[in-house]
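The following pair of complexes shares a single chain, subunit A, combined with subunit B in the former and subunit C in the latter.
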Partner chain A sequence: MLLAFDWTQLAQQIVIGLASGGVWATLAVALVLIYRSTGVVNFAQGEMAMFSTFIAWSLVHHGLSYWAAFALTIAISFLGGAAIERAVIRPVERAPVLTVVMVTLGLFFVVNGAARWLWTPETRSLPNAFSTRPIDVAGVAFSIQDLGTIAVSLGAVFLLWLFFRFTKLGLASRAAAVNPEASRLLGVRVSWMLALGWGLAAALGAVSGMLTAPALASFDQNLMQPVLLYAFAGAVLGGLDSALGAVVGTMLLGVLINLLGTYVDWIGTELRLPVALAVILGVLLFKPTGLFGRVSAWRV
Partner chain B sequence: MPDTPLLELEDVTARYGPVAALHGVSLSVGEGEAVAVLGANGAGKTTTLRAVSGTVRRGGSIAFAGQSISRRSPESIARLGIAHVPEGRGTLTELTVHDNLRLGAYVRRDREAVREDERRVLGYFPRLDERVSQRAGTLSGGEQQMLALARALMLRPRLLLLDEPSLGLAPLVVAEIFRIVRELNQQDGLAVLVVEQNAALALEASSRAYVLEVGKVAVEGDSASLRRDESVRKSYLGY
Partner chain C sequence: MRQRALGTALWLLLAVAVLVVYVLAPRFVSDFHTRDLAHAGVFFIAIVGLNLLTGYTGQISLGHGALMAVGGYTTAALVVHEHWRDVWTIPLAGVAAGIVGFLIGLPALRLSGLYLALATFAFAVAMPSLLKKFSGLTGGGQGLRLLEQAPLQVTGLSGTVTLFGHSTSQNHFLYYLTWGIGLVGFLIAWLIVRGRLGRTFRAVRDSEVAAASAGIDLARAKTTAFAISGVYAGVAGALLAIQSEIVNPLSFTFLLSILLLVGTVVGGLGSLPGMVLGALFIQYLPDLSTHVSTAQGVPDFVFGAAIILVMILLPMGAGGLLRRLAEPLTTRLYTRP
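For the complex of A and B:
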């Protein structure tokens, strides 16, 4: 029985899981970015990513190649995210957390409505970003699409990490997130750092959306809603205040859900979302800080 | 004292929401001068510094180097060369000592000189030098106060605002911090405005002093004579 176990299939399923996890990871890191700087979960993150994906679709529709549209959409999304912060988050900067949460919920419906108004309901699809051919690695056939998705997601997150770790601006925005009062005294324009964070989060979300869409036969304005849930579940699993945790959490979740769907008959594809929600619940009950999260109240 | 002081507050008021904390404070700090602000808890000492650095809602006129700063944001006031070591030290606990120092020089563009300055300030505080890659939150209170001072110096400030540097620290650490402040003031000509509960210490480190009482200047004079004036000592300074 054990000998009959198909290791090739297991390897393939793990890679497929990592590919979904990678797409979720980019959105999850966007959530962490906002959580760390603004202190709330941005419920509109998925809708913003969906909006970005529609922009990419329009660009492709007007004749741009996928990757040209990809780059341009990231730039547009960055500006859009920063503009959203300036327009709707800045006025409630000093408001209680619940107010800000309500604003992001409102933003969810505004962005969704705007996308429905701008783009009529018809079937849309994005071209495949990668070759659909399989590639042979050590005797196992993997899809280039999956491997490419993993590489682009992790690459985007890695670039962001380089920015925060090694640039002065990145350092200043980390400082602004931990201690805005003290950072202001050092000359850091804290308010602009928030806008920068929202811009970067929107850009990451755009990556997530543009990697999600091509894998689907067609997509509509509800494209990113399940992705947001998976991203949130993965981020909670990893610890909402840790970007590394969000990546590890979503990748684990991607593999877990895919393996459960493959090997446990009664889960299949229908119970994937409930599994993600069960993970959120389990983590919140037994380890609220997640795998990598830190307790926010440090004794000093 | 030169004609135009480096810092001049005239009839400055400040409030926290509906509560007024300063009722018209006037004081000045000359170029290269060390000035102390004394007074009981709640007299408005911390608020005076916050009015200067722009971290409290304020009125009246505040001029720095002849330029009005009473409507400027804290960010742009820092960029003019005013370094504020705030109450509670403002340690960026999750960042390393080195990153804290780098951020002290955030507004400066002269990279080479910044690196040199980091070596110089770490020379003042060997204990920080040993912990340069440690997270600042792991430092002791005294070390964090040293870090706060070192970080402020990284700005190459023209004026240093110090809020209760002695608070909660062991006497030896306090002595060391004040020794360095005095040295910076006397050798490098750095202007200092220091707020202190510990009046004896502050009067020794300054050339002039103001005593605040409920948001107003009650007494002012040169530190040496205030120290000798028994009635002032008894009624305001409590020692």
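For the complex of A and C:
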């Protein structure tokens, strides 16, 4: 039995898992960005990413190439995300957590409704960003699409890290997230930093959506709902306040779910989502800070 | 002394007015709309329970739809598999969901705020897949059909229901049943909130540290709140199953959980009368927004925009508004000259 075990298949399944994990990672990092700056989980993040994907579809439909549409959509999404923050999050900036959560739930309905209003409910598809041709690495065939997806999503997260680490604006927005009062005294426009965070999160979400859609034969307005849940699970696994944690968490989750789905018959494809949700519950119960999160402590 | 007598008289008047509205409301709407009112009653019961948990104890739950599923499936399973009469299953559905609520409350002891919202949300999202997986008991994706599989156990099937020698149509029966249970549930919730337990809940909400220092057993208070809230959700789920005569995984998606939290917050956290408005909001707003335009997506858009507007303009919900309007009246009544 053990001899018949197919190592090639295992390697392939791990790469497929990493590819889906990579797509979830971009959305998970978007969640972390907003969690760190606003202190809430944005339940509308997936719908915003879905909306971006539909913008990309329209652009491709009007004759743009995939990558041109990709770049343009990211720019539009950035502006859209910042505009949403200005319009609906700013008025509740100082409200309790639950109020802000309710606003993001309201956004969920608004964005989903708008997408179904503007684009008819028929299913549609995006062209493949990468060729689906397999390439041979050490005797194992991997699809270029999977490897490309991993590269693009990790690349996007890496660019974002460079921005936060090495630019003055990045420093200012990190400062605004850690200590709003002191930053304000030092001349950082804290409120605009929130808008910047929402814009960047929307842009990252757009990347996630545009990588999710081509992998599917067809997609509709519910495209990103499962992705959001996997991103939640991965972000919680890594620690909600750590971007690195979100990447590692979603990648681990992608591999875990793909391997369980392949090798455990009882789970198959229908229980993949509950496995992710069980991960959320398990992590929250036994290590609420996740793998990389900071332990929060406060003085009474 | 006269002030107190006046206060009591006003309360009595209010109670009588509520009873009169309860009894007479179906006379002013069509039979069909009575059914909508009965459906709003299901929401009312569920969000009164959710308010005890979220509004009074400060524990956010985005998983109450799943607790309603426990109640609904308990009723359906007892009717279909055990041939119980549908209305007699309601207490058991409440108990079953209460136990599950207690069990959810155990992990909640370690979590607070947003993390608890996420954990309960995970529970709500997982519920439909679990219901499909354990198809022996739940009928899988098809669900359980009360009317087809156990028609004799469905009350009011013949179109009329005779109660105490007084016959009503099925829709009126469902209305009186749901809102009757709703009023009793409201009264119980009101007594809980006014009493020792309610003070304990509010202490936990306002400051866990202060509550613990005052000798309150946090674990017990939180799990109690979850269990009580679960009973309400279970009863609401049972009534939903009786009204729709079918339960399937699609009746209890995470959207139901979101809807319940929306109703509670819009109605006003920490305000029980506000829950009537919250229930009417989530029952009628989706319908009303189809009047704006019936185009795909527009109703959802309007619904979401309404939630955002309420949160920005009335952060304390309708209950906060009610309280502010009633304030001049109540302060005059209760202040000594």
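Basically, the second predicted complex is superposed on the first by the 297 of 300 C-alpha atoms of A that agree within 3 Å, B and C clash if a C-alpha of one lies under 4 Å from a C-alpha of the other, contacts with A are read in each partner's own complex, and residues count from 1 in each chain.
Basically, a residue touches a chain if its C-beta (ideal position, glycine included) is under 8 Å from a C-beta of that chain, and two chains touch if they have at least 3 such contacts.
Not measured: the values here are computed from a predicted model.
K.L.:
Is the arrangement of subunit B and subunit C around the shared subunit A a clash or a fit after superposition?
P.N.:
After superposition on subunit A, which the two structures share, subunit B sits beside subunit C with no clash.
K.L.:
How wide is the angle at the Cα centre of subunit A, looking out to the Cα centres of subunit B and subunit C, in steps of 10 degrees?
P.N.:
Between the subunit B and subunit C centres, as viewed from subunit A, the angle is 90 degrees.
K.L.:
Touch check for A:Val97: first (subunit B), second (subunit C), both, or neither?
P.N.:
It touches subunit C, and subunit B stays clear.
K.L.:
If you stack the two complexes on chain A, which partner ends up touching A:Leu162: first (subunit B), second (subunit C), both, or neither?
P.N.:
In the superposition, A:Leu162 touches no partner, neither subunit B nor subunit C.
K.L.:
Tell me which of subunit B and subunit C touches more residues of subunit A.
P.N.:
Per-residue touch count on subunit A favours C.
K.L.:
Just to be sure I read the superposition right, which of the two partners does A:Trp117 touch: subunit B = first, subunit C = second, or both, or neither?
P.N.:
A:Trp117 sits against subunit C, while subunit B stays out of touch.
K.L.:
Who does A:Ala175 touch here: subunit B (first), subunit C (second), both, or neither?
P.N.:
Only subunit B is touched by A:Ala175; subunit C is not.
K.L.:
On the A-aligned overlay, A:Ser183 touches which partner chain: subunit B = first, subunit C = second, or both, or neither?
P.N.:
Once the two structures are laid over each other on A, A:Ser183 reaches subunit B alone.
K.L.:
According to the stated criteria, A:Gly106 is in contact with first (subunit B), second (subunit C), both, or neither; which is it?
P.N.:
Only subunit C is touched by A:Gly106; subunit B is not.
K.L.:
Superposed on chain A, how close does subunit B come to subunit C by Cα atoms? Whole Å, please.
P.N.:
18
K.L.:
Using the superposition described at the top, list the residues of subunit A that contact subunit B and also contact subunit C.
P.N.:
In subunit A, residues 300 are touched by subunit B and also by subunit C.
K.L.:
Where on subunit A does subunit B make contact in their complex?
P.N.:
Listed in rising order, the residues of subunit A that touch subunit B are 168, 171-172, 174-175, 178-179, 181-190, 298, 300.
K.L.:
So in the complex, the part of subunit A that touches subunit C is made up of which residues?
P.N.:
39-41, 88, 91-92, 95, 97-99, 101-103, 105-118, 120-121, 221, 229, 232-233, 236, 240, 270-271, 273-274, 277-278, 280-281, 284-285, 288, 300
K.L.:
Report the residues of subunit C in contact with subunit A in the complex, numbered from low to high.
P.N.:
54, 60, 107, 110-111, 113-115, 117-119, 121-123, 125-126, 129-130, 132-133, 209, 258, 261-262, 265, 269, 295-308, 311-312, 315
K.L.:
Quick check: in the complex, which residue numbers of subunit B touch subunit A?
P.N.:
The contact residues of subunit B facing subunit A are 53, 55, 73-76, 78-79, 83-84, 86, 90-95, 99, 102-104, 106-107, 137, 144, 151, 155.
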